[in-house]
Amino acid sequence: MPDRDPPASTPEPLLSARGIAKRYGAVRALEEASLSVRAGEVVALLGANGSGKSTLGKIITGITRPDAGTLTFDGAPLHLSEPAQARRRGITAVYQELSLVPDLSVAENVWLGHEPVRRGGIDRRTMKGRTAELLASFAGVFSVPVEPDTLVDSLPPSERQLVEVVKALAWRPRLLVLDEATASLDARQVDRLFELVRGWREGGMAVVFVSHRMNEIFRVADRAVVLRNGVTVGERRIGEVDEQELVQLMTGGGAVAAIALEGHDAPGAAAAPPGATEAPVVLELRRFASGVVAPLDLTLRQGELVGVGGLQGQGQSRLLLALFGAVPHQGEVRLEGAPVAFRNPRQALRAGVAYVPGDRNREGLLPVRPILENLQLPNWRRYGTPLRMERARRDAAAVVADLDVRLASLDEPVANLSGGNAQKVVIGKWLSRRPKLLLLDDPTKGVDVNAKAEFYRLLARLQAQGTTILFHSSDDAELLGLCQRVLVMQDGRVTATLEGDTLDQRHLVAAAMGAQGAGAA
Amino acid sequence: MSRVPPAAVALLLSVALFFLAGLVQPNFVNAAQAINIVRLAAFLGIIAAGQTLVIISGGEGIDLSVGAVVTLGAILTFMISGGSSERLWLALLVVLAVGAAIGLVNGLGIVFVRIPPLVMTLGMAGVVQGTILAVTRGNIPGGVPRALANLVTGRFLGVPGAIYLWALLGLLMWFVLQRTRYGRELFAVGVNRRTAALSGVNVSGVVVLTYTLSGLLAALGGLLLLGFTQRVFLTLGETYLFPSIAAVVVGGTVLAGGRGSYFGTMAGALVLTMTESLLRSMRIGEAYQMIVFGAILVVLLSVYGRQRERE
Amino acid sequence: MRPSSAWLRNHTYLVPLVLLVVAVALNYYFQPNFFQPRVLNGNLRVMLPLMVLAAGQALVIIAGGIDLSVGAMVSLVNVLLVTLVTRESGPPEVLLAVGAALLVGAAAGAVNGLCVAYLRLQPIVTTYATSFLFSGVALAVLPRPGGALPRALTTFYRSAPLGVPATAYGIALLLLLWVVLRRTRFVQYLYAVGGNAAAARASGVRVAFTRFLSYVTMGLFAALSAMMLTLSTGSGNSRLGDAMTLPSIVAVVLGGTRLAGGQGGVVGAVIGVAVLTIIRNLITFSNVPTWYQTLFDAVVILLALAGPGIVQLIRGRRA
């Protein structure tokens, strides 16, 4: 019988992050976050929207620098100013297929920046050979043939994601961060990836696995670290915990208080007067699909404020854009009973649909142009030729007063306004048109508390006037407080429709993560 | 980024240059000389009007066919009017229509066939030049209508007609840019095409219209230029092409689009013309004139033309 | 959807090559003595300087930029050469002149590179502005056309060692140079930066430096082109290269390189020059009346430039 070595003492963590804080302007993304990963260990990083998990990931991989806290790697302090430094130390992340050059081949992309060289030039043979070896790990699960010479542009998103994984592996990392890396992969590919992860773990690699899918976390991770509001609130061994407990940690245990609006009840809760179910149907969707959004059915009645929730990037924006006609879509759409098929936003506008985009500065506003112009951009047609500027200014001033936008003058560039006020301008664009259906894509992101309260009052007023609102938000409290109904999306599917008893954060987060017992689907 | 409107800076610069010229050459600073400079700048300014619109529209917008269209406009006027003032109106109509048609082709190619503006307008310039040759066969019969010459060079209250025309165009451009729906939407399209589209603007329509207008204005510029030069030759418009771009940029219209004004272009035209005159009066030789011109342009671009990092 | 090989993207010159074959065939039809040494040599002599220039332009365009000052750079180097070299010059002076030419070319390119890559100025207007700078210097160096080269050099350019025109060797050397350059990481990064600068940066490529180098390389190629041109004309003229700028760009696009960058190559640019030259010949020899020739030329070029876009339109605008 062979001698057994005495059990090794718990090895020092390979990566140790402690007390990490990071602010983006007024927003505190991380307050007191910590994470430690040992060699040969897979740690899952969990958190709801706004928990700060992606910020933590960016700090570890050198994309951002922390404001406070310590980072140690392999015993030595870690100060990263760019991703290339992190890579040199042995920390690599798998991005969501955004770091590939479409016109180059798989091999060229995988080795970009560290190509093997021979006699002053790139050694393509070695490059191809090594790429083939790396690609072999995924042999059998490619849905289309993928060779070192394949043009990346011609690959479907799932294969591109796998190329991203291979690209990270080519740097021979000691710590690999997989940030939502399974998002575009099919089931077989996920299986293979997890097989490989287990193999790498045996080989001593440390893996940080950031994911929004509960079942995956339980399949591949050894430990789970939970972030909430920028703080690490708990850490559990996977074998010793169940899904519900993790959800509990993510949500903080208690139900989130509904938003109180200075004496008013939360509009969502109150806006269901006795005859509500008899309000006319405004929007009817049947097998409506677009891009990642899987076919869904939906009925909205006049005056309803329905929420769309779930973790970010699960198809919510795409759904709204498709309803606005800005992206291609399939399926039946009926607006006030009449079938419609919007091929571009202009048609949607004419039919009475308005859209407030999520990326305020890049899609909702013209930052360098005056507030007046931003407010009237969809409306100039009304003012004739020559434009009756006095009328336009009066109308704009009326909107400004109505929404209580704090500004110095209508001629200031919109960029001078604070987040909350700028958001009011984005909505103000549509108000004078009295839209029938208002699509809001995460409108209160980066808006301070007071402005949010004003915004909620505005929504209540619009509802009372008969506007129907479909409202995506990454702020769970907001959704729960305002809406009577919330659709929760994960990977493009509506995994649950919450209302009444199931309209609470526990169900919301559970449905967002795909955990069991998620509530009415 | 300075808060002072670039147009004002350019204007001040041209005035400063004017007085600087006076230092070099006494007797330079007088009303007659000033009027002369403005008159020279007027043609550049008129020709740069369409270019201003195109550059405001963003999307790497540029119109390299302006030179050829100017020549075409002048030649068509020369030939169609045959020197008769009655037929000037006919010539005007034809010139505007042809200019607009050329611009329309540019716009359609750029928007629907997705040809980059640089390539499309460059190609059209060649086609226009070739058409001129084919139609005229090097022999250009015709004449300059008296009415046109009088309009452009005749003086009213001591000021040449060309300057009044330029001022009129300035007002017209202001009107289009500030008091029409098209103008408001043009700025929006130049700042951010996606935002404009999501706000209900017909982006394709605006862009096509912009290039059409550019062609129309360039042709008009050619017609007026004929009144000034009173002769035609095949490279009439060429020397105005790149200065038209420079005038727009110097006047503060950002090459990335979405910002600017025609007043800026007017000031830019003044600066460029003034610089050229100054250099010429300094008798430093054509070579050094070119060097200084190039250097000044680069400096002005460094101040106003910095690109935002496109991620 | 079957993924395609990058091979096609690496060899975008294939369609232009077909165009070239067709053009040559047509030219032969109209001018049966096309392949005779004297005629062939004459054609090649005209093409070589533009080919070298277009090669440099291709590199700049691949990296996502463009250079409108190339003609002026050629003029500048040309006048420099005739100033440094006279009819009596011996090998040492000639070598010195060559060295100076390359240095000046690189310096001019560096000016462009500094403005575009580091100051982030817009390439089109900036290189237009620097073209004035270079032209001005050229005019200052050589106010009036003139100058001469040693007879041996100009004769060599016209000669045909071993029965093959000297210029053909020149083209071959150019292509060989490309083969060598293509292997380097520098050229690989040109493609990466032009294809997706953000991705390149994320992978650790020094984007600004790569762009800067592309302009410096352009300057070197302009110097080489000027040397060929000077050998061809045997004299100097401060306006000599001006007419080469736009054809260099047209040739690159004709050769299959996208103006947006990220793909294409020198082989295509070289073929593009050949196609351009032969089209000009064709139009001269065909029955197209003289006065229509320029128009024809322009329409053909416009169609060729519009080609990729039209194909996509027909295909239903596959994004």
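For clarity, chains are labelled A, B and C in written order, and residue numbers in each chain start from 1.
Methods note: a contact is a pair of C-beta atoms (placed from the backbone, for glycine too) under 8 Å apart; a residue touches a chain by one contact, two chains touch by 3 or more.
What you are looking at is a predicted structure, and each value in this text was computed from that prediction instead of being measured.
Enquirer: Using each chain's Cα centroid, which is most distant from the centroid of chain C?
Expert: A
Enquirer: Counting C-beta pairs in contact, does A-B beat B-C or the other way around?
Expert: Between B-C and A-B, contacts are more numerous in B-C.
Enquirer: Indicate the whole-number Å distance between the mean C-alpha point of chain A and the mean C-alpha point of chain B.
Expert: Once rounded, the distance between the two centres reads 47 Å.
Enquirer: For chain B versus chain C, what separation do you get between their C-alpha means, in angstrom?
Expert: Centre separation, chain B to chain C: 30 Å.
Enquirer: Residues of chain C that contact two or more other chains, please.
Expert: 198
Enquirer: Provide the residue numbers of chain A that touch chain B in the complex, in ascending order.
Expert: Within the complex, chain A touches chain B at residues 324, 326, 344-346, 349, 355, 357, 362-369, 373, 376-378, 380-381, 383, 385-387, 389, 429.
Enquirer: For chain B, which residues count as touching chain C in their complex?
Expert: Chain B residues touching chain C: 62, 109, 112-116, 118-120, 122-124, 126-131, 133-134, 137-138, 242, 245-246, 249, 255-256, 285-295, 297-298, 301-302, 305-307, 309-311.
Enquirer: Under the touch definition given earlier, write down the residues of chain C that touch chain B in their complex.
Expert: Touching chain B: residues 66, 115, 119-122, 124-126, 128-140, 143, 197-198, 246, 249-250, 253, 259-260, 291-299, 301-302, 305-306, 309-310, 312-313, 317 of chain C.
Enquirer: Enumerate the contact residues on chain A facing chain C in the complex.
Expert: Listed in rising order, the residues are 83-84, 87, 95, 98-106, 108, 112-115, 117, 120-122, 124, 144-147, 149-156, 159.
Enquirer: Sort out for me which residues of chain B touch chain A in the complex.
Expert: 175, 178-181, 184-185, 187-188, 191-192, 194-202, 258-259
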